[in-house]
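Listed below are the structures to be examined.
Below are two complexes that have chain A in common, paired first with chain B and then with chain C.
So, the complex of A and B:
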């Protein structure tokens, strides 16, 4: 496909058209039905998103007067809702980045190291499988089962806020302790999935290579640094994208750790959850604009790295 | 490739030969060696211990533990430690503004209270309905899409990208979209059924409908995921199986039903487990739908009830007990799955 796009001269275009025509002639009724179904399905997946997008540009009257999926007319078009949404959510975006980026990078590194220790080194497979089973089970824990202890842990046992008092002395709002807690929490709960993803990748690596290095007397650390880590690039892309999406999108932990949307450290999902509800009813245009603005980073990641994302979720 | 690494390795091995080797025995040894005449026997003891451990667990056990043990402990503390702690809290009477539970008086009061609470029973039933209907529906849609996409179509990547797109969005974001779609006055859902002369329906206001409306929205978000898993499963089936079925004169429908779908058992099981876990996390969606702890009437599930009891009503111990029930449900699904994978040597 990219080849076709690159060819800009006339002959190329002509060849493409002939090819297309030949393809069309070969199409049977069954094929056409297939494509119709596929396009309808695509519509099903896109309509909620499309309708949200057009709605976010509508004025209050346009929302009532036009169909929900129709674009606003010239008179019903406004940027005002986006402006309000960005005003309300911008600080949340910053806060979300502040924990999502470090937590993503750390959990990917930790996952890679853990998976390496559980895959390449030579120790009893049955014990390895036991440790792995315990780790992998962690992927499937409903987080509700750890919430109350988590709150206890951060509020009573580990007084991070006091430990970091020198940071607050610099004039940073002490609500930001929530950001640090979120990073640690997301890394801890990210270990299982990151380990699993890297492990599926490391299992396919050539044993001979590692063994010959080991026979030459290389330590495990050296094998990891010189052989495994440089080859992990593609999997790092998958894990970073998957983890970033997960952490950015998560509401539950931000809700119990940061708790209020008025907090200076409130992440974007927390503010968005309460946006556009007021006494006068729901402002749908504002909600849609906010939803899109909050989703921009994950949408960008998805559009740029869709294949890696698909690989991450499929593992 | 292999050769390159051998050469690379030879280039770096002089330094590894004597630089790294002693250190791999663990820092203890070199400390001992530095501390005088007693060191020799210390060293022997440590060496012997290490040898014994390595004998039992395999040659690289001790050396590799530095890689996996710290993350394992961190994750173990936050997952297993927290679940056990949660179990303990659920046995106390912890509530209100007290800083910590009183662990001296443990009983099952919170569990008997749950059984007597009709809200809890409703939430448990709703959770089961949601899990079963959501998982089955999502798998069916995903399988259908995967089969359609696998028929050698053009623009396969484009279609796949579109179908998977909702999964990259947060529950908080998709909840806003569906709130708009299910909106009574000018939502798409009501205009669609209006075409065939039905409605308008109060999707989120009607107790009997709201749960299924939520399930439908969740299916929209996750059927792309099921499709990706099934697609990988379909690709693993050798072409001969299709051809053999064709030669036997089986119709397309029969071929899929008799030959192909049975081979997707593994994909079905792993997708179903993951989907059930997503289903239990529907909390984010329900919370964002209303912007608060109280989901629409008729759509309360254990996940939302647990968080509401604990964080809104400060009934910490009661919330913890509900969480344990939810955890038990998850365990009933995951336990057999992990054993199955372990038996198949898939871990």
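So, the complex of A and C:
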């Protein structure tokens, strides 16, 4: 009752202000210095993003006349660059999704199954360690080191274009063989890190729970299907976000496998690389608009799986 | 329902170059429908033994048979065994009903409605029907414990294995569940192996108890037999709270000579001791009596009260032979006496150690040479 009264006569709000004032009074010089540094650091990281965003809405003259981080004036404001960027990139966006989504899902699934196998208790620890060491070694192979073997592999050893000839017969552009090659390449490259992440997660799962399931009559495969997989949600969020961002943003493999932005199967990164560059110089506004537009799917993935991501990282 | 036979079961672990023996040549046979409690201090190998029965650990040597069928190489899921874990090990993403149906779905071809009916029945029996649609995380510890039990019971297995299932509950709930588990096991008549470190559970629940220490089986017998006729000093010290009093003594004619006292013994006790002279005299705290009178009668000793721990129904009294002796080294005799007897610290009392209640152990091997006989103990109860 008395609480309600307090609130209705407004002294509740007063209490809050008093509390705030008391907190301020209690702050030491160190506290203030800490907050100043934090605010500066946040600003330092945010300025490039802010600059990019305002630049993408500027006309050519506004870019020359205003500071990079200053907002465009009413006269210098335009949606034109965004429109051009979307027109140019939309095709690539579809192509990117075409390989990024399957590659992400497949590498996460394969990683999860491999990790499950590596955490099964009745397997000799020395064997497990060897397999794990090999897999982890895979994480440290730099992209650049595999570029030549990768090209040879797809051009000489496995001629996927010929194998999939029945698909091209259906009227699909045979440039799309690059998409299939990208899926396979990214899965192969993503499995090690996915396995490692899942293994760490599965290590924390209760052994007794798995044993209980075994005693309940479930085979190894059934334990995975019915116990491990349903409980892997948070780690799948982490792996999906990580893998999707990696694959979506990767330029090197697309350059080697698809190579030209004129290809029908050109991914968004490839088109973005050439967007807004011409003999006359750089169109900064267009490049910024393109970059922001191309980053939208990765942002969407973060937002979609954000809660699970936090849970998975905490685990 | 089945019999369970452990024949010279041994388990060794490899730790670098070292070989650690966790379970050493343990043999026991458990009758159809029997409730066997395996008890011992932590690290004694009791859980490892249970896990070998479950098939979760391989057996290094020896044979394990269920109903005369050797199951050493049979996989866990094919042994028709249900196990209740200390952590309950419920599946967190499944409702209680799904948790309980899981085993039936995986191990049988029963149709869904039949499984549902069995789960509902078991739920009713355990009083968890209202919880069937909840997730384990919404349940209290006691309720989770019941679900874990239900998950085992609903499968109607050949053998139940329980690994300290009550140790995560609070004292009151633990006492309740102890009684309930016994009742359930009686009703179901399923052969049960129950592992615990709690001697109260061991004494009260089992048809028989098996006491393990250092991976070796010390004794397997009915609870009261283990209590009154322990096979060795370890069993004697492990069972009973407060634990049995032990005094190092040497046999000298017909007297046991200790550091601070001498204890005369009769012919039948003397006969049990044979040629062994390095002995340990044991006496249970509740067998010690505080009596009137001087200390010149044999078996009676003048002592000083050091500490009194009132428990309400009884007092635990720490007595010292020599009041000036250091508490650390001076021989202390613990006695449990009636709660209404008034004694306070510093009092001089006379303690009677009745000869028919003493135990004598070989100091080297620990083996019991003389025990109070169970008949004598029973007679006393009848007289009272």
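Criterion: the second predicted complex is superposed on the first by the 273 of 315 C-alpha atoms of A that agree within 3 Å, B and C clash if a C-alpha of one lies under 4 Å from a C-alpha of the other, contacts with A are read in each partner's own complex, and residues count from 1 in each chain.
Basically, contacts are C-beta pairs under 8 Å (C-beta built on N, C-alpha and C of every residue); 3 or more make two chains touch, one makes a residue touch a chain.
Because the structure is predicted, anything quoted here is derived from the model rather than measured.
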Partner chain(s) touched by A:273 [first = chain B, second = chain C, both, neither]: first
Touched partner set for A:137, first chain B, second chain C, both or neither: first
Which superposed partner A:211 touches (first chain B, second chain C, both, neither): second
Touched partner set for A:61, first chain B, second chain C, both or neither: neither
Chain B versus chain C as contact partner of A:159, first or second or both or neither: neither
Which superposed partner A:262 touches (first chain B, second chain C, both, neither): neither
Which of chain B and chain C A:147 touches, first, second, both or neither: first
Broader residue contact with chain A after superposition on the shared chain, chain B or chain C: B
First, second, both or neither for A:42, with chain B first and chain C second: first
Intersection of chain A interface sets (partners chain B, chain C): 122, 206, 208-209, 212-213, 216-219, 222, 226-227
Residue ranges of chain A in contact with chain B within the complex: 23, 34-35, 37-38, 41-42, 44-49, 51-52, 55, 63-64, 67-69, 110-111, 113-114, 116-118, 121-124, 127, 129, 131-153, 155-156, 185, 187-189, 191-192, 195, 206, 208-209, 212-213, 216-222, 224, 226-227, 245, 248-252, 255-256, 259, 269, 272-277, 282, 284, 287-288, 290-292, 294-295, 298-299, 301-302, 306, 309-310, 313-314
Contact set on chain C toward chain A in their complex: 54-56, 58, 75-79, 81-83, 85-87, 89-93, 102-103, 106-108, 151, 155
Residues of chain B defined as touching chain A within the complex: 1-2, 5-6, 8-10, 12-13, 16-17, 20-21, 23-24, 56-61, 63-69, 71-72, 74-83, 85-86, 89, 99-101, 145, 148-149, 151, 153-154, 157, 159-181, 183, 185-188, 191, 220, 224-225, 228-229, 231-232, 273-274, 277, 280-281, 283-284, 287-288, 291-292, 302-303, 306-307, 310-311, 316, 319-320, 322-324, 326-327, 329-330, 333-334, 338, 342, 347
Chain C-facing residues of chain A, complex: 122, 206, 208-209, 211-219, 222, 226-227, 230-231
